[in-house]
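Both of the next two complexes hold subunit A, though its partner changes from subunit B to subunit C.
Right after this comes the complex of A and B.
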């Protein structure tokens, strides 16, 4: 490679030179040495010799020579003018691997003219190859390899040489790709020592490795044993016999072996002690194996004396040991259906399949026997791992054996106690804890000797039923782990039952988690009661499905919209908490976090507002205020009552008493009934009620507001036409809303002011468009005071009342025609009823 | 070191020094001076190895020659193979041979046989057979060297090749093809017998020369003593 490079560089320079001089292949001089290879770090001197002809042409000599290295001018200090035609340059401690050195002349006008160029290659001489070693693959040629030593930066050839004492063999030239190995061209001859060494050579030197002298048979790597086969023995279930075909070299050398084996599903190999396989053989019997187990074997061999190399591993071969009777009794337990029927109980006997290394073969079936006291055996052969039997309430002994092709296992014996058996003697100090990704259960054994322990467990869930899994432990065990597919963050209810010779003891239970996690839901907090300054919060216990661990405590966070969050820790046993020191009339946000050992989860936020007033506070304010108002009102009323005369004087004007006026006799003779109501009596009875009001009340219907209006109009008309008329439309003592035509007169005013007489006119025209069929008594509208004899207030009032309803029409007629018959009328009550609605002091109330 | 009577301390120091250097003394290595034993053993192994090689080679070659040479009970008269060295010898004579004579006979026989064998190699038709023959030749060459080594180790001079005995295995017109095959057959047969005899020879020699196991000589390089 570098040779061609040098050639190219030279060709280039020659081309340049010939171009400049204009003469083909006639350089102006040359550099000596032509193509140097020097050792890195050494000194180097080159000489440029100019030709006479050239010197004459360009008028130069050696003084005009300029050296350049990789196009950079070399300092003059390194030059030496040897004579008129030759100049040398010296480099010390060359470190570059390849440099271009050119010799130039400085011609007229300081123009540099290239004369010649060389490439200086640097490198290192080869180091002595070390660690030469050879290997002879059986049936193949010999291969040797070595350590070439340091990098030389030059093309270095390695040659493997070999010879006998009497004969030399052909050299082995390394290939470029593998300069440290060589495969010799001949098959080595065993039992004849050969001397082998390697020579390394490059441009800077040649060096040989140490000679090694060996017998090729001591460097043999045999072919692996072949056709390895495995056979079992029906007599012994613990052995397998291996046989194989040795490699051909066995006829030349003695061999030793390595035999390894493993259980098929296992990955670690076991090795048969090498001293057992240290001689040439073609079969071997492996002992102490497990029955009915598939083993995989492999082997290799090498020269018996350990010289040489181990062969590759043979192909693997497998074999199954013969069956043996099951080595262990199966785990055995039972469940009793709680429902009793006719003195029988349904008992399910359950057992576990044996592990493969306990079955020692293929389990054909299980044999179950049931023995009741003093009764014969009941035998069952079952393929399944459970058997349901109906037993009486007596005590039973159940035995179970597993059977394979060779024999039966030892029996598992179980006592099913009588129905009335009371289980006692439980295990003590039951603990369950996770460790190494297993759920361990630990207990203290009862004082009595326990035959075995039964561990049962299931996942506690609100949604799913408790599906029991179980396992059996020896009576000497007091700590084990649950051999099932346990899941993290599930609550396991573990029950440990000791089994005694006479039956099971009392079970003990404990809850545990394989691995806790934060709850998957937080508690939903809500208020139970909210006060002005406190709130009672309550929440439900988290369902076990979302707990994911033991709830250790709660934290309640509450805050106002603007305020900081406050946290309160609450023990996990509580379901209620009272927040105190709250501000009234404030919106609070509260949430709650439930913590397991692994972390917490917060529930939804709940907001509530504290009221402005505490409960009863409003009542405390309102009730006294009301009472105060009531009291004040009462006082006012009392005051009014006491001072009523004074008030009356100020309010009501004096109205002449119409009863004291006289008019000509116009009305029919007063019925005898009215006699007692004579004016003498009336006059004499000055203690009568002051105000008398006649109320006309429709019997069957209330007057519409229009009625009132018409009445009002009527009144206005009256007052407009007769300014002296008064008393009509005055205040009713009972209700002002009722249409009433009152004739208010006071005895007092009547007595005192006889000069002022009110004329009262009762004109009840047809209500609205109705034409009253009643004959109306019209009073004279004369302002002439009525004579006392002419006035019959009773009649007037009666007439006033006539228009109270249509239904009283006949009576009115009757009344008009013959008032004396009024007593006999059965409808007198009608009047009484009318009068009953009068205010107190009505005359008619005495009718 | 100055040794004076009564200077027990100096003696002790000396002894300690010697003991200290004892493991480093190269003469303690038994292979340092192995004697002829291992080379005889090796030569014996080699003859067995050659026997093994020849078995497969002869089978291949006789098949190559074809019938009747490859028939198991083929036992032709020894015609035209008179130049081949005879391995068969009277038992009494064999017993009476001394080591030097025994080794010399072996050496001479294999020298001749090797020459004949090289001629055989040239005639072989298939490449595989040529390779096998070449390897066998090399091995036989090795056996010769090995015997020479044993002789040298026992101090016996190598026999000088006699000019008259130089074999001339040129396939001349005198030989018919069948006779040629007959010669080949007898060459292989004789080689087999010689290898068998050599194994006996070297086994005998091995037993004779085997050094006592405990004979380990101490060559203490006692500088200063």
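Right after this comes the complex of A and C.
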């Protein structure tokens, strides 16, 4: 009971609540239009109408309405009060695709209460669909497609409509995913025209496309022919017969075909002339094909009058034509082993396999015949493509044929010349150049008829041997490309040999690249010689393996540490270059770039330093200076030597050593001249200034003539005096005047300073310009005891003779009072002639 | 939809034209009667009619073979007895008549065959529900007959201003037994094959 009461209370409460909410949700007004869809760029006006009840409750009217768009208040200028309950708002040139428009009222206290809201959607009406077209896939239903035109921003429905002249078909509604195509529900009926059009419709409008009227049979895309098969004919090696099954539509329409074929490994399709396949058929024979070649075929079809669409291509089918005899003689060439043995030479005959287009079948073997003049044939059957035979040094004719199941090829004939054959008549103007990724060779044919040309080539390498490849060209050819697996950046040595009826001509060679590239390595530059202002750089030619092209030139870059880099271009034929105008005592960095036609590659950087002085510069300075010093010294020495008396006189006095002097002998008294007491007499003879003692040495073994003796004597005296610089007696004699050695032109008294005997001189001049009162001969006060010989002059000569030895003649000294008068002793033949100086009185002594 | 039209609507339309006394020639409407088409008839209309007749003639024998094969014995081995073209009330055709007369007679024949094919198709879907190839061929033939009827009407309307032709229809098989249905179908298709050969030659 209690539970039932509770339930009733709850139900009542829910009822009351629901009623209350329903009233609360009742809007105070509404906006008209309710769900507007407007065209972009157009004007739009909305009206908000308030309910009387609401106006009374809130004490408001239309003046209190506030419009908001996307929560932003619309300016009052766009409002219009229509009456007490209605207010409108107008928007011009709507550009937003979707906006939220709300009608609000301002209640007491400026509180804004939302009355109603709508969503304004903008878009464009549909454009007229264009390019409507239909296609009928054989066995399927018709499909039409069209261009829908501009974007409408609205949900737009496209409807494909179709009808016969007498009845309509059901509409074809597009699917959302494919709004521009539609597949009709009914099967197409051929030979009845149907009219088709498209209607596009959205909230802003409806528009139809142009109507198209057609017979569906003219829009057919047939299924491709099926079961295509190919068969060959043993009678004709150049034909293949195609057979196929036409599509079912063939029972309705006539067909035409496209038949294409290609060689199996080829990618290019050839087409049978369309006029040959313009009628309905189920087989076709393709002619002019290569024997023993596999061909691939495909075909398609369409309505014979060309209306409609081509079918897809059929599945491919292939067939092989029957064999025929080889159509071409094989390329044929030979190599001769240069080593001869016993009058034979080893010749390797080589030939190329024929291309599949030329073999016309499977090659079974090759037949080679060799014929020497006036000798029988030698036949060989070879399965390989080379044959080595030993031939004499004579001329041979070799022939080669290739054989297949059907027959033999034409023979290739080759003349192997005799051993002493001199090849001449080469091709001229041989050129090689790359073009279209092929290496082309071009030449000018010799004047004489050429049977064929042999082109040989190999890769030049520093490491690998030259492995020759070759090919043969007809005698009328003067331009071809090398049909080998050539690679880029390799230097090919190409040789062209014309082959005449009597043998090969002289081969001509040329180098070429299929495609050049920059060198792999740059040249390594080094200095050959470095000078103060120049440096000679040298480098090696790049190995051919790294050249990757023809080295066109070098560029030498050099710089100092702080300077700008200088570039010098050098011809590729050079291997050294002299850098000039360099700065002395400077570090230079140099590198070198080698260029091909495709670019350059620089080598490692090399540094060198220029010297401070050029080579020989130091020597050029030091040697002249030394020489100058030496010369000056010599001059000084000579001068001093020549003026030694004068110098000696100024440097030290000629002071006799009394302790070592003695008077050996007094001069013979000459009273008038040695009158010491007579002053006049003493000074009258002014020439008597000195006393000289001359040593006369005996001559050698042979006596000389008088004149020559005297000359010789003087020379000896001169040489003997050189190097002697002291001696009391000598010194005193020299002091008198110039050197006393006389020559032929100059007779002067010589001063003999022989070391054998020294003489003391009593001078009349005083010491250091102290003039003595009288010139006297003074006896030495020396305590040196006198020798016995001094006491006995007659014994002296004997002693001298003993001292001089066996080879020395006895020396005889004599004293001469007046040197101006030349006297000759009785034994003059044994003594050298002397020329004495003025002597007033002399004595000799022995130290 | 087309099939539906072929199997249902066309017979319905034709039935609307049916009147008791089938087999007797019915008058065509007066020349001045209103003749409206949705769009103009193509200029090659007669060519299309010939193509349609050739198409039907080309497939008639295959359809006939397919039909009696699908029915099973005893039909294949008793064609003369069971499938002879002994169809009563079949509209006549006079190949030596004027084009208008030939077109009118063609219209009646096509209308007759269309209705009969509709009935056969309906019966075969019941009797041989797995004979899809036969169903497909029957539908395709019915579609073609429908197209031919449209063309002939368009020609009659556009050139001879004939907007209406009274037609007669064959016997209704709905109340007959299975064998009779099959037999009637086979006889009709035999007739169809025979008459199509004549019509294809007549135009």
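The rule is simple: the second predicted complex is superposed on the first by the 448 of 847 C-alpha atoms of A that agree within 3 Å, B and C clash if a C-alpha of one lies under 4 Å from a C-alpha of the other, contacts with A are read in each partner's own complex, and residues count from 1 in each chain.
One rule holds in what follows: a residue touches a chain if its C-beta (ideal position, glycine included) is under 8 Å from a C-beta of that chain, and two chains touch if they have at least 3 such contacts.
Just so it is clear, the structure is predicted and the values come from calculations on it, not from any experiment.
Taken together through their common subunit A, the two structures put subunit B and subunit C in a clash.
Of the two partner chains, both subunit B and subunit C are touched by A:252.
The wider contact with subunit A, measured as residues touched, comes from C rather than the other of subunit B and subunit C.
Of the two partner chains placed by the overlay, only subunit C lies in contact with A:195; subunit B stays clear of it.
Residue contacts after overlaying the shared chain place A:283 against neither subunit B nor subunit C.
In the superposed model, A:168 lies in contact with subunit C only, and not with subunit B.
When the shared chain is aligned, subunit C comes close enough to touch A:211, but subunit B does not.
By the touch criterion defined above, A:186 reaches both subunit B and subunit C. Across the two superposed structures, the residue set of subunit A contacted by subunit B and also by subunit C is 164-167, 186-187, 189-193, 215, 217, 251-252.
Across the complex, subunit A meets subunit C through its residues 163-170, 185-187, 189-193, 195, 211, 213, 215, 217, 251-252.
Those residues of subunit A lying in contact with subunit B across their complex are 164-167, 186-187, 189-193, 215, 217, 251-252. Residue ranges of subunit C in contact with subunit A, taken from their complex: 1-3, 5, 37-42, 48-49, 51-52, 55, 58-59, 139-140, 143-144, 146-148, 150-151, 153-154, 157.
Within the complex formed with subunit A, the subunit B residues making contact are 42-43, 45-46, 48-49, 52, 135, 138-139, 141-146, 148-149.
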